[in-house]
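Mind having a look at this structure? Questions to follow.
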């Protein structure tokens, strides 16, 4: 079942490691089949270099395992919650990449300081509120998804395709598993650039709104001029 | 047409990735044929590892595509503007390399703090003014080239072979595509060294002018003693 | 003698280098056979890429060489002391990895600033007191072990599987040589993340105690849900 | 002539690049034959990956080329001066490695903050005074050597096997070309650790003198216990 999606998700997880976004087994990518309402995710704690498509685990969007011999990632309920609430998401990547995780720990949003940021994110990358003790006790991974959904009230999840979970780490997404990996890499990069810019000039200004919009639309709007027309 | 230049430009773009100067597809190198008044540039959004010489796009220096099946880099009008105004340029490289981009975001020029800088740049690496909303709306990529040209009034473009576009990222150049890649790498390196020097000693002085001149001329003047005589 | 353990220890030492945790020959991993009361450790000053299982040195837990043609790591008395006092340790790794060593030099414990830390360490990573001149003169490497043991009075060595020796560098451990290498890598990573978080927000708070506990138990308690049930 | 030394010097230069100590062609290693009073050095501006032993250049210790088709490194007079004044040196390495160069630009010596430093350097790594305009005009590379010699009055060149040239970059040395590369790598590493320690704790203390001495002698004194007895 879902063989093509399993191959895609498996390859996206292996790519996480090649891009230096994960340490040990700290990270996972999933993909969704919207027609069947099923998601495919990495098995928990399995090293990336050994991953095989047949090891991927299939779940429904309530977080129940539908197929697979191995336990799914412990973060599966968070992925399921995001797919259920954000209908345009095709893939989600969770990492503990170093700069983005440092922002999550610092509980600071990532402001748009340049066009590298604007090429990918139409505005700051937000940070969630912290979870209460009761939420952690009741359903930790599910509530992690719910505070993300709560934080995105009034935000467009495709124009801001990532979030920092306070005290934890980033979740990034896209229209496919591979695109969610690209978003995670872009996020890590702009986090590093923001830290460096502040070190060079603590008064680094936010990018002018008109330039922010221009760059975002150049890559993502209906009139996008970036890339090849065959790209989707 | 321009087969040798296409191979040279293709190889320079692949080298960008091997040197760690680009993330995803954020960067491009071009070259120019001065006799024909044509430039060759990377196609937009194509991964570096897949690039083939035949995919390179040929444009005139007004920015019109003359040959090629793929769309050229969105930054092509900036490259064309620089070739049109700076007659000694043979190659141009644009990256979003991390330290140089951080300086561009911080809108700070890179001062000459040591001989590593002076070996490549005879003075600070300048930063442009910001673009106005009207300029962005009218012809963003063309105006990016024009503010660079404006910033270089009174500067020698060969003695200062790079610039930081405010809020955006660096452009670097040289007598050939390969040399522009070397300049981009040197720029990234001296940006990192400047950040580190300030962290060690916030009062780090600028390099003595006589030492700056000595190092620059040792590598670049008519009496250059660096390298082999066969090198051009 | 102890051929399987020698292979395991040899491989763990080679892994240290592949993971970027060691420079030159600055680091060593050991393993213990609790039944025989013997430990196996890297020979001193031998490059990682040349290591062979037969070169590993066998010592008793008083630090006497029992088998081996080469001199053992100079840090062997420290390893022996830790095995003698902490009965659950199966492997120990000592490195001079950059961020963890910087914390040891700064003589600061590593606070728990996020779930990446909590996944591995149930509380701050402690730092020892400095050694006195008399202790250094009498038995430097043995006393290095004893000040670690002294620092762990009242701490659970499995819930806090690493320590920073003041002015020196980290020691990390686990149930096996390979696990001690993983702990050393996790420690290096959380040290880097802590430095970055402080740079972004000097007021970065410690992780909520209830979230700290949740993450630690998710990976390590009897009800651990992370990883596969076959994992040990 | 000097074929074995040429191979050794060639290999040491290639190692510089593999260890990440050099960017472009910014760095060179030399070796000396004390019996003949001749040194062997890298040719200027030749990429490391193409280097062949037969390309190495032979000079006398006054800096005159004795053999070789290519121009020697522009830094040859500095190397020659150091060999002439420090009789125990067998190899010298000059790099523009990032952290050590940042210290040289900041014109700060590198204090001994931990045992990683003490394992290699018995005290701080010193920085030279700046060169005067007259010295730069007269004989720049020769005077670079002379200010190093001046700075080492009262210092033991083997116990402190590196120096930072103010505004320029480090020179490191050892009993052989390969050992000088190791010293250059150790220097780069301790410079990074010092920057990080200061960031974690601006009051990071210097290592206790008795521990400094202990670590240095453990590796280098007549009673050295580190490494194998066959090592020289």
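Think of it as A, B, C and D in the order they're written, each chain with its own count starting at 1.
By definition in this document, a residue touches a chain if its C-beta (ideal position, glycine included) is under 8 Å from a C-beta of that chain, and two chains touch if they have at least 3 such contacts.
Values in this document were obtained by computation on a predicted structure and should not be read as measured data.
Enquirer: Quick one: which chain's Cα centre is the longest way from subunit D's?
Expert: With centres defined by C-alpha atoms, farthest from subunit D sits A.
Enquirer: Roughly how far apart in rotation are subunit A and subunit B when fitted on CA atoms, stated in degrees to the nearest 5?
Expert: That pair's rotation angle lands at 90 degrees.
Enquirer: Mind checking subunit B against subunit D and telling me if their interface is mostly the same residue numbers on each side, over half, or mostly different?
Expert: Different; most numbers are used by only one of subunit B and subunit D.
Enquirer: How many angstrom lie between the CA centroids of subunit B and subunit D, rounded to a whole number?
Expert: Here subunit B and subunit D have centroids separated by 32 Å.
Enquirer: So the centre of each chain is just the mean of its C-alpha atoms; given that, what is the distance between subunit A and subunit D in Å?
Expert: About 46 Å, centre to centre.
Enquirer: Would you please write down the residue numbers of subunit C that are in contact with two or more other chains?
Expert: Each of 198-199 in subunit C touches at least two other chains.
Enquirer: Determine which chains touch and list them pairwise.
Expert: Those chain pairs which touch are A-B, A-C, B-D, C-D.
Enquirer: Quick check on the complex: what are the subunit D residues that touch subunit C?
Expert: Contact set of subunit D toward subunit C: 113-116, 119, 182, 185-186, 189, 192-194, 196-201, 204-205, 207-208, 210-211, 214, 218, 225-229, 231.
Enquirer: Subunit A touches which residues of subunit B in the complex?
Expert: Checking each residue of subunit B against subunit A gives 23-26, 43-46, 70-71, 74, 96, 98-99, 101-108, 130-131, 133, 136-137, 140, 167-169, 195, 198-199.
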